[in-house]
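In the two complexes below, subunit A is the common chain; its partner is subunit B in one and subunit C in the other.
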Partner chain A sequence: MTRPISALRGAGEARLQFALYAAVCLAIFLVPLAVGDDFLLNRYARYLVLGMVAMALSLSWGYAGILNLGQALSFGLGSYCMAMALKLGTVPVHTGSDGLPDFMVWNNVETLPWFWVPFHSTAFAILAGIAVPVLVACVLGWFIFRGRVTGVFVAIITLATLVVANLLIIDRQPYTGGFNGITDLAQLSLFGFTFDAYSKSTYYLVAACLTVSLFACLALTRSKAGLILQAIRDDERRVRFFGYDVAAYKMLALAVSAAVAGLAGMLYTVVMEFASPTFLDVSLSLSIVIWCAVGGRQSLLGAMLGAILIAGMQGALSESEAFLDTWMLVMGAIFVTVVLVLPNGLAGLVSAGAHRLAAMLASRDPRRGETVHLGKPAEDRP
Partner chain B sequence: MSAHLQLSDIRVSFNGFLAVNGLNLSISKGELRCLIGPNGAGKTTALDLICGKTRADSGSVRYAGRELSHMEEHLIARAGVGRKFQVPSVFRQLSVRDNLEVAMCRHTGVFATLLRPARGRGGEGLETLAEFVGLADALEEPAANLSHGQTQWLEIALLLAQDSELILLDEPTAGMTQQETVKTADICNRLKGKHTIVVVEHDMGFVREIGDVISVMHQGQLLAEGTVREVSQHEKVREVYLGSMGIGGA
Partner chain C sequence: MDFFIQQLMTGLSIGSILLLVALGLAIIYGSMGVINMAHGEFVMLGAYGAWAMNAYFGLGLLASLAFVFVGVGAFGFAVERGVIRFLYRRPLDTILATWGIGVMLQQAVRLFAGGELRYVEMPSLLSGTVSVFGVIVPGYRVFIFLFVAALFLVTWFLMFRTSFGTRLRAVVQDRQTAMCFGVNADRVYSLTFAYGAGLAGLAGALVAPLKSVSPEMGGAYVVDAFFVVVLGGVQSLFGTVASAALLGQMSGSLAYLANDTIAKALVLLAIIVLIRFRPQGLFATKVRS
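Up next is the complex of A and B:
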């Protein structure tokens, strides 16, 4: 476990990584062939969305060393943007004046607030669902990173921002639906195609977005900018003396992470058919961190699978009779165990195992006359 | 000839302790300047002031016609200042190759690096460089696994990869074998002329090998300046520094 995953960057290793990522995405696309139950598919789509947001955190936390405890903020903002558009897409049932969302009517709002108006356009909503989180991340990042705030203080500031945003949304009930969130939504319809939350179409939509963002993030980590982010994680002061603007790079990581989380939030609204303040509450935000840590924060795929796995287990455990009261305890135990035993999460375990295997195969190979030191991958030697 | 690098009347205090107290230093283009002095004389702090790691309380640092004392570190680096630290500082989690890739910093902008692969086209130059410092076999090894000596060499390689106009070396030969010290001296002599170099060093043998002009610091000030010969015969220098090290005029 002394070898960090990021240190393995041979050309062959890059190809292997690409193949692994592609295989997992393919498997995700094949799931509906085996699962006919739309109810289950909806639940799986939900896990995929959570996988996406954990993957986004891996980019900022695992690669750039920015522990963003407010990851759910981007997620929630995305989900509200989508919910606003879908709310305006409903045929008004309870409305007095034309097209006013029902909860506004109940709260004696008479005209649609100005910031709701553009959400009549789905295209605008989708753009906003990404742009708003990115903008918030950039502003937040500007203050944090230009001010050279590091370490635990970054975690505190991001967490505090999340709490403030959450309280604001709950407090402004006439405009946000308050505690209840925004419910009774229309189905998302794009290019004349309607996405029913309980159908293969929504599952595929989520799977496609997940695949695209996973590979986009992979490309980022494989770029020189991605390498510089890892250098920043290691020793940000040293990076400055090579002429790189550390604050700008950290803002990039935070912004891309926010964009992916915002997209995930939008999909979450489509899958769940509502938006609620719980989408940006502290417990979800901390869960994202746990998923990411268990899966392996220095691996995009690891973080993603960690989230899918644990969220899936959470779902199963919290429903089964035996664990009804204790599933939180079980999850906590898993988290503590993984963090103590596997600093690089499950992904670290897998990669260490692969190296062992490679080393063992190499030592059996008669053409190589040298002994193999376990734990050192074979490809390291010339 | 006007100075390429000019420190004028610099003062820095740490919690009231004057680490640098009215330092003046002037170095011309292409020169290799050695900076010596007893422990705590303020040599490292002087380099910190040039590269922006420490801010001066007063005084100015001018380099190639620009005032550096208020510039951010990365802008100073972009202006052509490279630095090797006294405590070797490399990216321990990254492989030797990736360390060198980071150091090849011709393009520093976010969007420029976003569109470039992590493993640049400078691959060949990179391998030559690794060969040169004896790390060719360790290219894929994380820097954390290197020995102290190898780490020193990696940092020197980083500096060569960065290819700055002004190079600041803080005790480059600390912990090196005799042979390695000779090699480092050789590198310094080769860089001389093309680059302007400031070397902080305690090893007088090394200084004699490379130094044209030597500046001696003591208690945050410049004590003497001159050739090896002149400096080693300087009364005060012998008293505060050379004498105490027992290698006087030897």
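Up next is the complex of A and C:
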């Protein structure tokens, strides 16, 4: 049985993990030196954003045991916040008075709705892109966890919430652009600098946000709160008996995960240059779960790399003639196999290898023979 | 008065289709604790089965029902043997694995049957209309209603009046003890899963004439059916009926009061609140945990 990566607790192993994370981030920053094509860079930036949202899910699912099937909700909300600001900043072609967005004009909306007004400020939009998902996650978390709802029912409630939000956004076309989403956006400009979606600058923006959030989440998992979250995942009742407020910790995990997903959503709008209801639909949300599961739900880095790997493969396979019809079949098969054989994903495999190596080294050095293992092998409870 | 009967009939019609799809899911989830995300794809397979029977063998819809039931049931049996049985101790992972199976089924059907919409003809015997309490209702809807009622009775009989049903309930209550008494738990589970899958296949074949048949059609049904099961309460067949009727009437009347989308959102919100306060469902029977 593979052990969770978080069980690597020795100081040396902690340093090794830190070095591994840093090396991957460095490699991400070096990519533009090798790739000159702006079109490719845009696509890679897209994969990085998806990696970020999978990493956010790993925090709540892998570390706290909350299977959030509505992860795309936070992602989509962030993406719409950014799109609203960029829409108001665009050079209007078909507008009514006061730079009203074109789709509102088509839907006979006469004045800008009140909740659109503050989005004239980009700073407000960025704040909202994180605050709105966090707020939603807190309310939802309070609602779910205060009632001690667990396991499968958490998955159902989060999924249902996502479907409701998706239906509402499609239905309220005059205010949200409905099925078409929000298109024809301006480019993001911060501190007088404009980020062109097809350029190195946007790639670096994404890479920087990814690095910062990855290390922030790593710090959280290594803190006391992170340990309590893992304990909750392994045996919730025992942690409650110790006197910890389990619901509050779970809400924390959900909120931090939502913040990262919201940030990723904003970046996705910048990279894709539109926002659409497909950013918060069920199939994207389940895809995020899959990336996370294949990469390794109990490893932030694993989940992130899993997303980048699979999304990249999807991009490549679905474009090549030979795999045009079969790549979904291939993905499904890979996924079923991973769930059956590798419950901790590819990261679990790597971690098991590392442990075997460490054990071999330890047998030579008697002082390092004792390894402390936190947590049981991953096993979901109903 | 006519209006109410009309509304009631719409609700009953929606409810009977919901129950038809949910029954198989309820049996699988209720007795095995497996959340079968591929259930919608089993429904889709049934619809394609009915279409293929007609296109290749010239069989009518009613004649093909038996073949569809056996075919999809056999497929369900294979899925249980090949994948599900390894995951009984990891219920959350069954969600993921069955979703993967669903994706593969969709794509496989798209490859072999083509992605375009297919149509299954309604049996000519049932294509007329019937007058029920002074309201004109399509005959086929009445047929589905009666068929579902019959299917439910058969299922109830199977569960509570046959030795297979007794063994299944024994395994659900206490697997170890049941096995000590010589019940082959693995076999009981496989057959149960197969039966649930077969029911899904029947559902697909029966709804095929009402809507067009496409590889993606399952998704629309599985979510609704799942909520029926959760609302009804695990392991309660009558709860499933009651909640299908309730959800059917709710969707029917909300769709009349607001638009379809808002109706759906409201039903979902009601379900979310319900799960929060009664995760065991509205009509749960008492079970020792």
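Criterion: the second predicted complex is superposed on the first by the 356 of 382 C-alpha atoms of A that agree within 3 Å, B and C clash if a C-alpha of one lies under 4 Å from a C-alpha of the other, contacts with A are read in each partner's own complex, and residues count from 1 in each chain.
The definition used in the following text is that contacts are C-beta pairs under 8 Å (C-beta built on N, C-alpha and C of every residue); 3 or more make two chains touch, one makes a residue touch a chain.
Values in this document were obtained by computation on a predicted structure and should not be read as measured data.
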Partner chain in contact with A:A131 - subunit B first, subunit C second, else both or neither: neither
Partner chain(s) touched by A:R222 [first = subunit B, second = subunit C, both, neither]: first
Which of subunit B and subunit C A:A231 touches, first, second, both or neither: first
First, second, both or neither for A:T161, with subunit B first and subunit C second: second
Touched partner set for A:V105, first subunit B, second subunit C, both or neither: neither
Contacts of A:D245 with subunit B and subunit C, given as first, second, both or neither: first
Contacts of A:A354 with subunit B and subunit C, given as first, second, both or neither: neither
Subunit B and subunit C contact sites that coincide on subunit A, given as residue numbers: 379-380, 382
Contact footprint of subunit C on subunit A as seen in their complex: 67, 143-144, 147, 149, 151-153, 155-157, 160-161, 163-164, 167-168, 170-171, 282, 286, 289-290, 293, 325-326, 328-329, 331-333, 335-336, 339-340, 343, 379-380, 382
Touching residues (chain side subunit A, partner subunit B) in the complex: 2-4, 6-11, 220, 222-228, 230-231, 233-235, 237-246, 248-249, 252, 379-382
Parts of subunit C lying in touch with subunit A, wherever the complex brings them together: 33, 35, 83, 86-87, 89-93, 95-97, 99-104, 106-108, 110-111, 219, 223, 226-227, 230, 259, 261-262, 264-265, 268-269, 271-272, 275-277, 279
Subunit B to subunit A touching residues, read off their complex: 51, 53, 72-75, 77-78, 82-83, 85, 89-95, 97-99, 101-103, 105, 107-110, 113-120, 137, 140-142, 144-145, 162
